[in-house]
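Read through the structures below before going on.
Each of the next two complexes has chain A plus one other chain: chain B in the first, chain C in the second.
And now, the complex of A and B:
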């Protein structure tokens, strides 16, 4: 059976879901095809826009960083956002405007959902992680708002709280690392300490996974014993702020934190690595947003083939464990991610885009089709510039349509969004979800224009 | 030593070391496991972990990176791998498509081969039944009782008994599966009513034999493959052009073996057959319009949606929306599993109960008065558990629900 749609989105991370929502809420018949969960599900709870620029050597606010990008790099997805319709030149104000628009749009759409976020584009934020280190970011989930911990507070006293038998967060270790960092801080936190509380989802205080705690708190709230343990420790340490592992509930984290706040402190969750509960909240909220807009989603299907005619992709073929589905769509958005999502594959013979076999390039749009991935890594593991391999992706024109090595648009009805794009290194820049959001937003609009024959 | 002799010698040592070489058709599964990046997304979604926690069931990631790696681990992890309900959620959320449900079957096959004493004893009992009757359920002692039970069920539902006149040159084989053949006979009869209404030239097997899924899930790969071969021969001798089943487990398992063993006929679940071969318009035209208004919610059988295709669920919704006076309400259950999969309920009923518990709460929270599901096993499991929990919600197999909503002829 043939299934017909206006728009097919391949990939269900932030880029695909945002693009799909934009199209679907304006009345287009949209289908989103998703194979598995990708990098969006790994979210630490922070939505990075642009943490730092490789070239700049010092931290900038996201707006300042965005303004600088246009000047130093022509191939960055943010810069492509800034190409004006009229004179085809890059305008910094346009970059900032488009990022602002998409952030505002997402903030409105996630309002009231469990991944509701907070922050501002003109302020760099140094969010605390489970390791006690900090990470430059721009927006965090509301439950991770650190309040006035590092600004306008003269005698902040931070208490790291972990859960007995929960191996993903060690409060003592985090506290020690964070305290170490305070020596170099402009406004150091006056005192840092740690303690443990007991939450036992299945009656045992050991071998507890994050998601268990979160589901348990959703279901039965914070246990009284845990709250009194916490009260005692807050009294003993005189804490003003409490850092918790990001497991305070999937849906009900705000309520749980509210309860802790009544002890007279400002509680917040720290950022974590996968498998993370904040990632679950983000994915769940984005899914809900897309479905609310009326879009259709087909999970568990991998795109394994396509038909093309006259420079257009006319049909895509999606495969589930035992069935195949033929989908005809006027336009297709490629939001398949990079190495984790599987959008870009690196083999001994070089890099290729995995669905349409598109040409791939690196940070500066140099071909990578016959480059071994090892060539783009550095022997030094941790370094400021990161590994070039993470900026490999597909090159695009000003409408985010993939182009080939001759700079020709490959298929006039295919657009690319998110980390399948080349020209930026999300790891060192801290720009992953930001690029996903803004390019998803823009390609959604572009695909819409194409379908309405206005492009 | 000649090459031939050397090969035989090595084969002999493999046996001694209790290593089972992989079959050709297993290699793809083995390769998928190498792709695991240890991210742990699966733990967040596994319904068994949600039900009992990682301390009791260490979760899909642990199966991929620890429990499946080498023989001693195979044997010592029976208490963990036999708790997997095989729902397939982990494979669906996995960014690398690691085929964990199949890996579980392969580990179980290796435990079964070398350390059958570590296989839960309740499962050996199921195997005895399978060996004796080629079915997962023992047949009725008195065939008359079976007929009485069937007639009672039909009378309660107000469905007629359909006789199959001739099965010569039938196009379609209707395969009800063990559960609908022996236990939920109304599902088998409802399917016959539907097929007859749309003038389908269909046949059923005189002696139904199991598709082999329960044996495969227990780890008895040899019995499973024997049943596969036996079923293939029966179907080939009928010369049908396609197979239609009402069972979710049979749909995914037969779809799998039909490709592996070159059956050369397509396999459909009743829902797919109705949409793709009968068409929603014809179906809608045959629906009764004088039924009372009902609010229903759908339970998604893992074997149909996660092991076969999510598309089938969209078809199910399409069909239900075509039935007059039926309102479909979405349940908030995510990554749901009825707990009846993977043969877990046979030997660890408390685990199965914890898994279904999440579902029951979600079903109870809807305003639906009825749950509809396209799988006889899910129907039975949900019915039983809802009843025990005192939740006054009825459960219907989707095929039965459709048949009872057809207009009177």
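And now, the complex of A and C:
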């Protein structure tokens, strides 16, 4: 079967879905092909912009961090956003403007969906995680909004709540950890405590999984016993805020939280580890957004090959266990993610991009095609600079088109977005979904220009 | 009167066996271990007991090992598995050496309850193990026993305790007091309380494995060792049905053994002068093993490597011969010959011989103490081996998967029921914490209460936490919360425990970092760095481990 499109997007994480939506909402005939789940569905419920500029010695607001990257990093995807059309120089205002535009756009598009989010670019947010630690981020899903827990409140009293037999969140330890952090806070939360409630999707109080609880709550709401356990504990502790496991429903978390709020507290979910219900919400909302824009989506298909002519990719070939498809498109966006998504592979003999066999580079655009992955790791597992291996990806020109080691554009109609890109380490920078969003947004626009022959 | 009759240094297979023997014979015994039980060499070994393929030239040692297998089957049957093994042959010359082995092995087969060696045609061999290279000309079939080295050491230590010994982990020997050519005491440093303590003793038994020379030096005595390092590569599941032994690129024998839920590929043998604490497997060792095994199992590289491990064999100091020619036997040094009375050291030996080594050293100690004793370590069962366990019935009674109960039984024997009983008061403790293995919360709590683990890594040795394909990605923080809960640790220590375990797992993952391992690590970093933010919160207080230091 042969199919013809204006734009083919390979990959259905945040980068691909945003790019696809932009294109299809402005009338391009768009198809998105994805083989499965990527990092987007693992994410915690927070949308990081740039939480920690590794080179900076002190914390910055996302906007300040963005402005600073332009000065110290020439290969960061955010910096590429800031290259001006006119003089090809990096303008920090342009970086900030592009980020603002794409955030605003996404906020509008997710409005009313389960991954609706809140936050502000000029304020760093310290969101509480399942460990009870806090992480510097920028936006969180509405159900994770901590309200006035640390701001504008003199007597915050936080109650951590966990579910018996649900091992993914231990409220007692989270409370202990968070309470210790409060010692260093300017305006500490006055009291931190914890309790457990019972929610048993299958009638047994053990081996309870996050997704099962969420589905159960979607289906039957918060059980009465759980609500009364909560009420009792809120009364006993005098809690003003309640930190919940991030499992309060996929579709209906807002409703469940409202019910809890009626007990006179401000409830919110903590950031999740995978398997992540907030990650599922995000994935589901982005899917809905894309489909709403009129784009076509093919799931369970892996792009395994392509045809090219005259420096252009003319066709891509996708395969499922049952069939093979040939898709011709005027332009293609590569949004296949990094290692989790499958966009980049690392073997004993080096790294390569998995579909077009594109050249790969590291943080500073040094070649990595024949580097053994181990060489890009540090001896210490969890540390400030992170592992260089996670900044490996494809290098791009100012329009986000992959380039080779000679800095030549490989295919004039192929653009790359999201974590398949090189030049940044989202794990330590805390910038994953932010880069995915903004580069998806920008490559969507660039591909459109290319198709209209305006690039 | 001295505080102790005997102080044993090192809680590897040798030291725990010695402590058990001494305690069972009524000697007042202290076992000192600077780290955890089974934290060094023994924890990096394959756990194969007996064999003989490698030391056919030393029939007295083959005899001894054969007897030891019989003893182990009596005292520790619950932690032993029998594995069939194929030795495929690609050339005619392989056949003749095989014949020799078959004869020696078969002589001792009956007493060990295994069949004599069989010669199999290529077709029959491939029926048993389809992944064998079709070009083999024949293979040998035989059976070997494998013991869980961690559980063995822990059970020996617990049994020593049950017989009155003091067992102190995280206590490092830092000096030996010698007066008039006689041992009178030792000084140890407690790494948890950061305190030093001096105790008096008549005898010190130095079972410090590769550190035996260092320990002897505290008494100004001398132990010569030939240190030889060896690496294993661990694959994510049972990639072969049976064990496979084959010739490596340099003609040595290497093996591929299904082990628990994984497969072990090993081992290398390289003389070493490095500090054993800093060693990790090298790229050369990994490729040596893969290329060697590829000749008989051509698909070996398709398997996913989940980690590597590196250990140091404390061999008898036979020099100027290849490592393979060094005796696999052990020697006991009575340092009286160096004018130090009361100090006994080991060189050489193997896991399979640990009980035998202990008996010999304890005999010597008893003689020095002039007491009449009788060794019973080969007769009395280790904890958990008292009776059979009905896995099916327990699974039904407690509503836990059969698989989980069977894995529990393989570590615990008769303790299985005791652990499951805990879930009567705490049904939520039936929750699976490590899904790869699997391990349920009740076993973790039980272990924390009764088996003195200090860290998650210590828990791994006791319950196999985090040893499967995900290499602790998903269980670390869950188990850390349980440990912190039981021990009432601070949030700070809870986070440090997480980092500590991740770091220990990384030690083995990093040398073979490639392919799916990179994906797995992106998830782990996503959790603990990107979301958990431990890279920012703890970076500055974390102390580097020996193998993480550049100096």
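A few remarks follow.
Note that the second predicted complex is superposed on the first by the 455 of 455 C-alpha atoms of A that agree within 3 Å, B and C clash if a C-alpha of one lies under 4 Å from a C-alpha of the other, contacts with A are read in each partner's own complex, and residues count from 1 in each chain.
We adopt the following convention: contacts are C-beta pairs under 8 Å (C-beta built on N, C-alpha and C of every residue); 3 or more make two chains touch, one makes a residue touch a chain.
Predicted model only: the values in this text are computed from it and were never measured.
When both complexes are superposed on chain A, chain B and chain C clash. Within the superposed three-chain model, A:340 lies in touch with chain B and with chain C [touch as defined at top]. For chain A, the partner that touches more of its residues is C, with chain B and chain C as the two candidates. When the two complexes are overlaid on their common chain A, residue A:281 makes contact with neither chain B nor chain C.
Within the superposed three-chain model, A:348 lies in touch with chain C and out of touch with chain B [touch as defined at top].
Of the two partner chains placed around the shared chain by superposition, neither chain B nor chain C is touched by A:266. Legend: residue contacts after superposition of the two complexes on their common chain; A:207 is shown touching both chain B and chain C. In the superposed model, A:173 lies in contact with chain C only, and not with chain B.
Residue contacts after overlaying the shared chain place A:300 against chain B, while chain C stays out of touching range.
In the overlay built on the shared chain, the residue A:401 is in contact with neither chain B nor chain C. Of the two partner chains, both chain B and chain C are touched by A:42. Among 4-12, 166-174 or 274-282, the region of chain B with C-alpha atoms clashing against chain C is 4-12.
Shared interface residues of chain A (contacting chain B in one complex, chain C in the other): 42, 204, 206-208, 274, 340.
Chain B meets chain A in the complex at residues 37, 39-44, 49-50, 52-56, 59, 88, 91-97, 251-252, 255-256, 259, 267, 275-276, 305-312, 314, 334. Those residues of chain A whose C-beta lies close enough to touch chain C in the complex are 39, 42-44, 46, 48, 52, 129-136, 164-168, 170, 172-173, 176-181, 204-208, 271-274, 338-340, 345-348, 372-374, 377, 379-384, 386-387, 389-390, 426-428, 430, 432.
Residues of chain A that touch chain B in their complex: 1, 35-38, 41-42, 201-202, 204, 206-212, 215, 274-275, 277, 279-280, 284, 296, 298-302, 320-323, 325, 340-342. Chain contact summary for the complex, chain C toward chain A: residues 283, 399, 427-433, 441, 477-478, 480-482, 484-485, 490-492, 494-495, 498-499, 502-503, 505-506, 510-515, 518-519, 521-523, 525-539, 542, 544, 547-550.
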